[in-house]
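Below, chain A partners chain B and then partners chain C, in two separate complexes.
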Partner chain A sequence: MLWTSFDTWIVVLGALSAMACALLGNFLVLRRMSMMGDAISHAVLPGLAVAFLVTDSRASLPMFVGAVIVGIITALLVQFLSRFGKVDEGASMGVVFTTLFALGLILIRRAADQVDLDVNCVLYGDLNYAAAAMVRIGPFRVPEAAVILGIVLTINLLFVVLFFKELRISSFDPELATTQGFNAGALHYVLMTLVAVTAVASFDVIGNILVVAMMVAPAAAAHLLTDRLGSMVVVSLIIAAISAAIGHVGATIVPQYLGFSGTSSAGAMAAATGLIFIAAVLFGPRRGVTSRMWHRLQLSLRIAQEDLLSGLYRQEERGVAKVPASGAPSLTQWLVRRRLLQQEAIERVDGHFALTPRGRKVASRLLRSHRLWETYLVDQAALRADQTHKTAEQLEHLTDAALQQRLALDIATPTHDPQGKMIPPE
Partner chain B sequence: MMQSPSPTSSTVADSDSDKPVAPAHAAPVETTPATGDEHSFDAPLSIHDMTVAYHRKPVLWDVDLDLPEGRLIAIVGPNGAGKSTLIKAVLDLVPMVSGRVLVYGKPYRRQRALVGYVPQRESVDWDFPVSALDVVTMGSYRKIGWLRPVTRKWRDLAMESLHRVGMADYAHRQISQLSGGQQQRVFLARALVQQARIYFMDEPFAGVDAATEKMIIRTLQDLRNQGQTVVVVHHDLQTVPEYFDHVILLNMRVVAHGPVKSVFTAENLQKTYGGRLTLLDEAAEALRRAGGK
Partner chain C sequence: MILSHLLFSSLGQITTDLLLRVLFLDDYNTRVVVLGVMVLGLAGGVVGGYMLLRKHALLGDALSHSTLPGIAAAFMVMASFGGSGKSLPGLLLGATITGSAGVGCVMLIRRYTRLKEDAALGIVLSVFFGFGIVLMGFVQRMKAGSAAGIETFIYGKTAAMLASDAQLIALVALICVGLCALLYKELKILSFDPAYTATQGWPVLLLDGLMMAMVIGVTVVGLQAVGLILVIAMLIIPAASARFWTHRLGRMLVLSAVIGALSGWMGASISALLPRMPAGAIIVMVAAGAFVISLFFGQQRGVVARWVRYVQLQRQVGLQNLLRTCFELVETRQLQHDEDGHPRIPFNMLLEAKSWSPRYLRRLLKRADHDELLNTLPQAVIELTDTGMVEARRQAREHRLWELYLITHADIAASHVDRGADMIEHVLGTEMVLQLEKLLEQQSHPVVPATPHRI
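Let's turn to the complex of A and B:
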């Protein structure tokens, strides 16, 4: 299938609205009020309906104003309910937006006899229509929706850039912000107003569902991938734009190669941002699941290496100098031996493994920690000598030089452990 | 503006001697009253008839307080006594039902520059994507002003403050990577850049290690020695006589307040904690026995 300018406009429209939503989403996510985007974008429905019934037209401006007003009322109601009704904020959002949305549905039903104000359009948007409805701007013909969304995105960008410092302090520590003379409440309502404006401008293009997805998922993913507010905001914008592109490609081109007809682009965009979020959960550099698993694996390998070294050292003490290198090792054993051979901590001597001088140094340090701990546990924690081995076995891997020194100072006999074995000197 | 020499501040003064850090009486000129004499009679904080209620249930009743200048002052009392609420009401963070609060003789709203605040550590989200330095810089936001960017100058000031609490090496760490004690030090550094004349701190010793506790109390004593007033919500009754000059015993009302020597008595504590103190004593005794020492 050919990529036409129509496809480009669909991606541009999706990206513009996704970025406008994601930008504000950062501050919703950080304030732990992600659902506020959900609440406001649903609750604007009665505003649209009332504006339509009052002005009796589908002109954009009155509808827009009506929806934004109801959006702000939603934010106020949520605040009011949770503060004075002693209801949890999530519950209060749930009650407010479902009630308002239902009210909107009833109103639209009443109005539907006269004109087509379509509820489906509210939920899913109509990217194809929006990308086709062109207006002329100077020498260019661009979709009207692109102009509107461009303006909304610019307003949101200006808001975030100009008030970056204020948003940061009032999101992190609203009380400090207030004592510093920054009215955190006022900023909250400006943010909510922009959320309402963005939701209204976006939903007949990409639909309510995608608005909600884009207000939460890109920011939540960016939060996992970054550790500064500035980079979080930038990354969330990139994720939003990429999701729009992947979504449209995934919805139109890929299915055709597989012999299916294309599917909803907006839906695929929401799915794409969800997948990116899951990828961030799995592969995030610090907090990601795989990186934590990797670190744990590294740690257990290190412990296995150290155990092999100290085992060899103990055998040397007893006069049995080697571990046979024959037989089939387990995967861990194989890995451990390979790494130690590479580090030249052990060597192969006629079919056996033996410590090199370098390996012996590491092993004696480990044994020293181990036996210092055994002594310490008997001296200071009143454990019996035969109870200490297991604990010391764990602690030896976590003991650095400084801790070792302090241990040696704290025990009475820093030369021999409770079983009378020699504690290797430093 | 010279600093009084003290062990912790001298390192900062050395590194950048022409930039005063938390100097005594750093109050901007415009906030000092027109008649210079008058202000010496105004207490750093005076509270008249303060009553605070949550959902119509009173939390604080008829609080009347005049705090002396240049003292380390502890607020102690049982859980639910309204200790944090007292601070928050003073700072306009919770509404008062009635009462009046004056900071150096004027309403708090006109004296924000003179007041520093350290909230409880748990009150914020430590996963927030900011560095220790970012957090300390927030203490200067009022001075930077609306819409103005955070410039080098303010970051340098924050860096000096981190240095003062021994956290300079951690300036660029994301705050979730800090231990509880380190997080509390960052909060203290943030209060220091505010260069206030009266500080309110909500449990700065909660969940910190012994070294940090010592460091914090030393810093607070430095502030006191420079003439600042420091009000601390405190939990550990044992350390009150050692750490503080003044004490406010609070249990919905002010039970007693004044110099530790005269006010911090068994009788007053009994009044503040009611029957609960004996239980506390028993618990402390049990803890000592369990510790084996």
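Let's turn to the complex of A and C:
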């Protein structure tokens, strides 16, 4: 299949609505109100139906206004139920949006002979139609939806840039926001209004479930990748735009290799945000699952290395045979030996491992820490000598030079530990 | 107006005959549908009750949306193996698998990232649904067989429910209600305090998993009946309505089941009576009606009940403040007394003592007069009765005891205790007063301690 300007417009439309949604989504995620986007975008159905019945046309403006009004009513009702009705916030959203959605379904069904309104257009949107409905602006022909979404995105951008400070404070600490003297409640309703506007402007393009995806997933992924609000907003916008592109490519080009003729681009865009989110969960630089696992692995390897070194040192002290280099070691042991050989901390001496001078230095430092801790625990923490080994074994890996000095000072620089073994000098 | 016209226009078409036929379930189809959705409402009410208490109300939302890819994938698999693709058990199995995966993802995201439940739910529901739409796109373009029946999972097709569908719902409902009854104690303790449950040695993970399995079961069988979005309502609305009426779990669950079943019955009946009324949506609207009634008139947490309690408390606080002020005036001012020693207090003196408005004070006095705590005399003078004097003395005493307690035991400066004492004195019980007395060693009973600050 050839890439045409039509495909480009689909990606542009998807990216515009995704970015408009993602921008506000940052603050929904931080305020723990992600599901508000879901509630509002389902609940606008009766607003559309009533606007259609009143004006008797599918003109966009009345439909838009009707839907936005119902969206704002949804936010107010949810707030009312959870504040005055003391209903759990999740439950109040569930009650409000399912009821309004049901009302919308009934209205559309009852007026079926007058209304040519398809519920599907709310649930799935129609990217192809939106990309084909062109208007002329100056010398250019652009899709009408692109103009609308561009305006919405600009409004959202202005809102976020102008009220960045207020949004930041009220997202992280509403009480502080109130003491700082601006109205966090008013800000909340402006945000909700914009969420409603954005959801309504987006859903006949990408469908309301994708609105939810774009409001939550890019912001959530960005939240896992960065720790600063400013960069989180930027990253979420990038993720939103990339998902739109990947989604359309994935929906139109990839299926052809599998023998299908293509599928819903909007659905694939939602799926793409999901994949990016999973990637962020798994491979995020600091909070990602793999990076945390990697750090844990590194730590356990270091401890195993240090244990091997101090074990060899102890054997040298006792003058017994060295660790035999034959036999099949466990994977960890094999890795540990390989790394220590590379670092020239140990060497192979006729079938056995022995410490090199460099390894001996490291090992004596470790053992010094270990025995200092044992002495300290007996002297200062009044433990019995035979209770101290395990604790010292753990602490020795975490003791740096400064702490070691401090320990030695605290217990008056002894030469032998409680078991009578020599504490290696520095 | 258009709304009401649309919603109620065909009421006139209902004949008595039709009404009776629907009410007594004469038609086979109506019988199947009504019984099916009633049982579904019942099971949704019970299971939803637990979900509400565990603050997982919206989990059903994520769950029901994440069944879509399973349904589409099951269709594709069955169709590509030469089947019709529309075999119900197969589709429901697919729905169960991806539904469970969705719930699992919510749990994993909450456990392994710093995101909260709301974001986890939003991501899972939208991304799974997105995948579902993608697969549906393939299904609709497949050559093998028509996929026309699959759409019904999104909006439901209550009116076309088959006896076998109703039986499946009944089976799942029976299992859920049976499990809830058998594990009542375990699930109860889990709903209120999971940490305590764990320390008591109950298998929290297993119980939680069981609860999730019940929600998945109800959602999956409900999909066909009322559709993907409205099944969420069956899990939330009856439970949230029942919560307004009682603080006891058992009663709440029963009530929630009753509301769910009644909504199902009324919704299905209305939809059978009137043309072009989608049953699923009507059921939700009936349940929403029950919710609104409960919201206002619920016995325990309803708005009206709470408002009445609030007004009563305010009234009591007002009276107690009035009496205490009277006592303070008797104590500090030279007042006239009648022959029996009842003090007389001019209205203006009371008005100056506190920041009451004249109107509010007049209302307080009227109420106190009605309770026979004082008599209103001509020339704007009031006279405390015997009960009034006893009450006034008691109020002042409790206030000052509390003040003394705050000074001696909570290290609060004498000039600051008045407000704190003011707020707490109205809720001090007799036992608390006795304890305070003990603490402060003010054993001689009728004595009112001197005030620790200037009145």
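The working rule: the second predicted complex is superposed on the first by the 414 of 426 C-alpha atoms of A that agree within 3 Å, B and C clash if a C-alpha of one lies under 4 Å from a C-alpha of the other, contacts with A are read in each partner's own complex, and residues count from 1 in each chain.
FYI, contacts are C-beta pairs under 8 Å (C-beta built on N, C-alpha and C of every residue); 3 or more make two chains touch, one makes a residue touch a chain.
Bear in mind that the values here come from a model prediction, so they are computed numbers and not experimental data.
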Fit or clash between chain C and chain B when superposed on chain A: clash
First, second, both or neither for A:K86, with chain B first and chain C second: both
First, second, both or neither for A:G267, with chain B first and chain C second: second
Partner chain in contact with A:F182 - chain B first, chain C second, else both or neither: first
Touched partner set for A:S171, first chain B, second chain C, both or neither: first
Which of chain B and chain C A:I106 touches, first, second, both or neither: second
Larger contact residue set on chain A - chain B or chain C: C
Partner chain in contact with A:M232 - chain B first, chain C second, else both or neither: first
Contacts of A:H223 with chain B and chain C, given as first, second, both or neither: both
A:T98 touches, of chain B and chain C: first, second, both or neither? second
Partner chain in contact with A:V54 - chain B first, chain C second, else both or neither: second
Residues of chain A that lie at the interface with chain B and also at the interface with chain C: 32, 86, 223
Chain A-facing residues of chain B, complex: 55, 88, 91-93, 112, 115, 117, 119, 123-125, 127-131, 134-135, 138, 141-142, 144, 146-150, 174, 190
Chain C residues touching chain A - in the complex, by the definition given at the top: 2-3, 6-7, 9, 52, 55-58, 60-61, 65, 109, 112-116, 118-119, 121-123, 125-138, 141, 154-155, 229-230, 232-233, 235-237, 239-240, 243-244, 276-278, 280-282, 284-285, 288, 291, 295, 301, 303, 306
Residue ranges of chain A touching chain C (in the complex, touch as defined): 29, 32-35, 37-38, 42, 50, 53-54, 81, 84-88, 90-95, 98-99, 101-103, 105-107, 109-112, 119, 123-124, 207, 209-210, 212-213, 215-217, 219-220, 223-224, 251, 255, 260-264, 266-271, 273-274, 277, 281, 287, 289
List of chain A residues in touch with chain B within their complex: 30, 32, 86, 162-166, 168-169, 171-173, 175-182, 223, 226-229, 231-232
